[in-house]
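Quick one: the structure is below, and I'll ask about it shortly.
We just call them A, B, C and D in the order they show up, numbering each chain from 1.
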């Protein structure tokens, strides 16, 4: 892997563009690899709540997610690259979402679409609502909104593509699936008597010190 | 008297027909054709269903408990998220319940605007449902694509009036939030004028299609007596031939002023449920034409209605309207405080699922998918 | 004839397919990042705070930290901390101001109730939607510096509403000035007293210090 | 349609020994309801369904309501005649008593055939802990099946005669009844930037002091 270590391209971008104009395309293996997979992200056909309707709308004629190479909504997690958590994750549903995530092969990505998937959103005070899917699985892109417009989902997808293009395929910043020292599976929570057990994955979910305010008079 | 209890004689007859090794299949909560996170535990004999147990709760987001904790106004945006395809009718049903509880009247113009928006919602919901149902039949893509093309047009109208595509939060107790301007009404008129042409085209695509007919006729029948006993409402009830449409029965709002018919089915199967919806859309177009033509001037809000500090006196009220999926009702108990003591939603999609097992028994597992699709559920409302 | 229904359906798809090449009603795709759909004026997505002066946004917030929106917000995603002191606002009047004004956009559902209940036209709905981020915690918690946007921006996104609000505020201000003038004139007749005390809502509440105020509030 | 009082009188005539009271609704909706005793609940429901004048063939809505115990302060005025023959004295006595709580199930009945309604039927349990059994009306109206399961799940009312009384919305291992007013939800308020009221109190438990911004080291799995 080290031989194809990227970044040392002894040619500037301007020169590359000049060559491209003459019909010569220069690229690195890493760049080609990232270009290929960022342009064919297959999402899981998985809708949870309101945001799922906007996700369907994004895949329909008006917004046409096919222009980004992501129209292939796969019903099976085994064939999907991207989990769009589109809606409220309840505590009853959370183990299933984690299981789906574990069933997806690497490299895989997760978009938390909408307020509910990010933090529980307007329903966060509910006893059966998980306060954010990032308590159990790692999330790459957060799209706030309730629900986000289909354009916002497309914008999030573009952000994800940019993130994928910036990834190296070796070294300490390499993605999970190219590293032997990481376990990609997330533990699945169990149904307890009052709550999920454990209520969150402490390795993944480490919020910064909450800016708890002073109580008011 | 016919035995209508669960597991009664009509169920046993089917159970006894089959003898073989039974296979239990769990469909959902992640299944591409369960319209969300719904789960059915199906027991199969070969490919025939001998038992079907629906499992709910995967989208139970505590709507009723949250409603007890927020003010009356604060629950209005939450009702948008119940049946997230039809936020306008949810808003209206909730407004009706609160208006009953507080004894508020609604100006005439607001009543007309509510009718216009509710009928647009009905068009939107039924069009999408037809698309989803065909998706379930295996007709992948095209009808849903056409349905969503029309949906976007209606959503553009909603967005330019209320500010949001899906979560309109538009109705208020005693009226509506924004007065629709003249150019909005002109755009709505253009859309309504063109909708019949779309329906003609949509029906040419689907209604006479032999494959659709073979797939849906005689599938998932329900009897009128069972449907009434099980509380089934909306198009699913009318497909069995029971003339029960709250727009006629209760005559709420200004519906008695409009001339429209209630389409009725004869068989109560999936095809009838699809046809009822198509015919209802045509009636809705007629209501919209009459409402847009007869829209009176005047205020849009009852000036007596308070936005903040709304405290109805102790008591209770049940208000219901005919939503696109059936009777959507809200039951509120007030103890005189700013928050309701009890806030209950009567969800049509949830109660229409009561006899899902009875409809599916004896059919193949592939039929269960379209039977579920034809009931027209939205999980946000089923589980709340 | 068996199959005629299928042929009819195929004719419809053919019509749509061919139509998509020349008929804009059948080709509805908006090629998003390059072409952006024009948002309707009413479109709302997340609140922002209106400031009168873009050069001094924190000094000219319309918000007076009355905390009504915080109380009415259904998902409770607004947090306000009142100031202990008073600072002059855009009109030079001494006002309480928010020391902390935070909105958690990871919770906000853009329901617009904060806008409806605000008596000072201080909080309005924004139209941004391209806000996808990789950080959930700090990036989605907007503080008052991020929330403050000038009135010109409000005019840009909601021109009709902004014009109405400006006219209303101008009328209020004029009425307040007239009243203050009248009160000052009345006081000038009496033994000397300093300038009129600032009042929160002069247009509605007649200042109690001037009972002999000649004209009613406009 | 008959008034609730008329229905009550007919029910009492038909079922001697039953208890039926009209609960007056103070709101402008004036939907008064009938409180029936649990022992005769199901027979009366069957009567309401089959009666040719009422024909309440559809039970539209089943609601559970929790009425916790509450302290009631009663003021009793007694008039004591003055022995001297003057004006009688009025003595006020204040007594506190605990009004027992109960769980209530409300049924909204309509007639599809005769197009009238609602008739509101209520049943109350003895208390909120052990005497929580009520007769199930699923044998009368099929629509009660899932809705009574929901009331069982969220309120803990046990329905006698229900064919399949299991939890419906929460998972089976769940122990609480979350729609009760005294339900305590699990505490998972780690990140609360805009807390109020109870949430503030809970968030403070996770961060007792205005915690120093100790930058949590991000694990490699979190940032792929």
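Keep this in mind: a contact is a pair of C-beta atoms (placed from the backbone, for glycine too) under 8 Å apart; a residue touches a chain by one contact, two chains touch by 3 or more.
Just so it is clear, the structure is predicted and the values come from calculations on it, not from any experiment.
*Asks:* Could you quickly compare B-D and A-B and let me know which has more C-beta contacts?
*Replies:* Per the contact counts, B-D leads.
*Asks:* Taking mean CA positions as centres, which chain lies farthest from subunit A?
*Replies:* Centroid comparison gives D as the farthest chain from subunit A.
*Asks:* I'd like the Å distance between the centres of subunit B and subunit D, where a centre is the mean of that chain's Cα atoms.
*Replies:* Computed from C-alpha means, the inter-chain centre distance equals 27 Å.
*Asks:* Roughly how far is subunit A from subunit B, centre to centre by C-alpha average, rounded to an integer in Å?
*Replies:* 33
*Asks:* Measuring from the mean C-alpha position of subunit C to the mean C-alpha position of subunit D, what distance in angstrom results?
*Replies:* 41
*Asks:* How many angstrom lie between the centres of subunit A and subunit D, each centre taken as the mean Cα position?
*Replies:* It comes to 43 Å between the two C-alpha centres.
*Asks:* Do you know which subunit A residues sit against two or more other chains?
*Replies:* Residues 61-62, 92, 119, 122-123, 125, 127-128, 140, 146, 149, 207-208, 211, 213.
*Asks:* Among the residues of subunit D, which ones contact at least 2 other chains?
*Replies:* Each of 169-171, 178, 191, 193, 195, 199 in subunit D touches at least two other chains.
*Asks:* For subunit C, write out the residues touching at least two other chains, lowest number first.
*Replies:* 28, 74, 76, 79, 104, 107, 109-110, 137, 141 - these are the residues of subunit C that touch more than one other chain.
*Asks:* Draw the chains as dots and join the ones that touch; what shape do you get: line, ring, star, complete or other?
*Replies:* Topology of touching chains reads as complete, every chain touching all others.
*Asks:* Which bits of subunit D are touching subunit B when the two form their complex?
*Replies:* So the residues of subunit D in touch with subunit B come to 25-29, 31, 57-61, 63, 65-66, 106, 108, 112-113, 115, 118, 120, 138-139, 141-143, 145-147, 154, 163-164, 167-171, 178-179.
*Asks:* Of all residues in subunit A, which touch subunit D in the complex?
*Replies:* 92, 107, 109, 119, 125, 127-128, 131, 138, 140, 175-176, 179, 182-184, 191-195, 199-200, 203-213, 215
*Asks:* Subunit D touches which residues of subunit C in the complex?
*Replies:* Touch residues, subunit C against subunit D: 70, 76-79, 102-104, 107, 137, 141.
*Asks:* Within their complex, state which residues of subunit B touch subunit A.
*Replies:* Subunit B residues touching subunit A: 29-32, 36-37, 57-63, 65-66, 69, 77-78, 81, 84-85, 144-145, 148-149, 151-152, 165-167, 379-380, 383.
*Asks:* In the complex, go through subunit D and note every residue touching subunit A.
*Replies:* 169-176, 178, 183, 185-186, 188-193, 195, 199-200, 203-204, 206-207, 210-224
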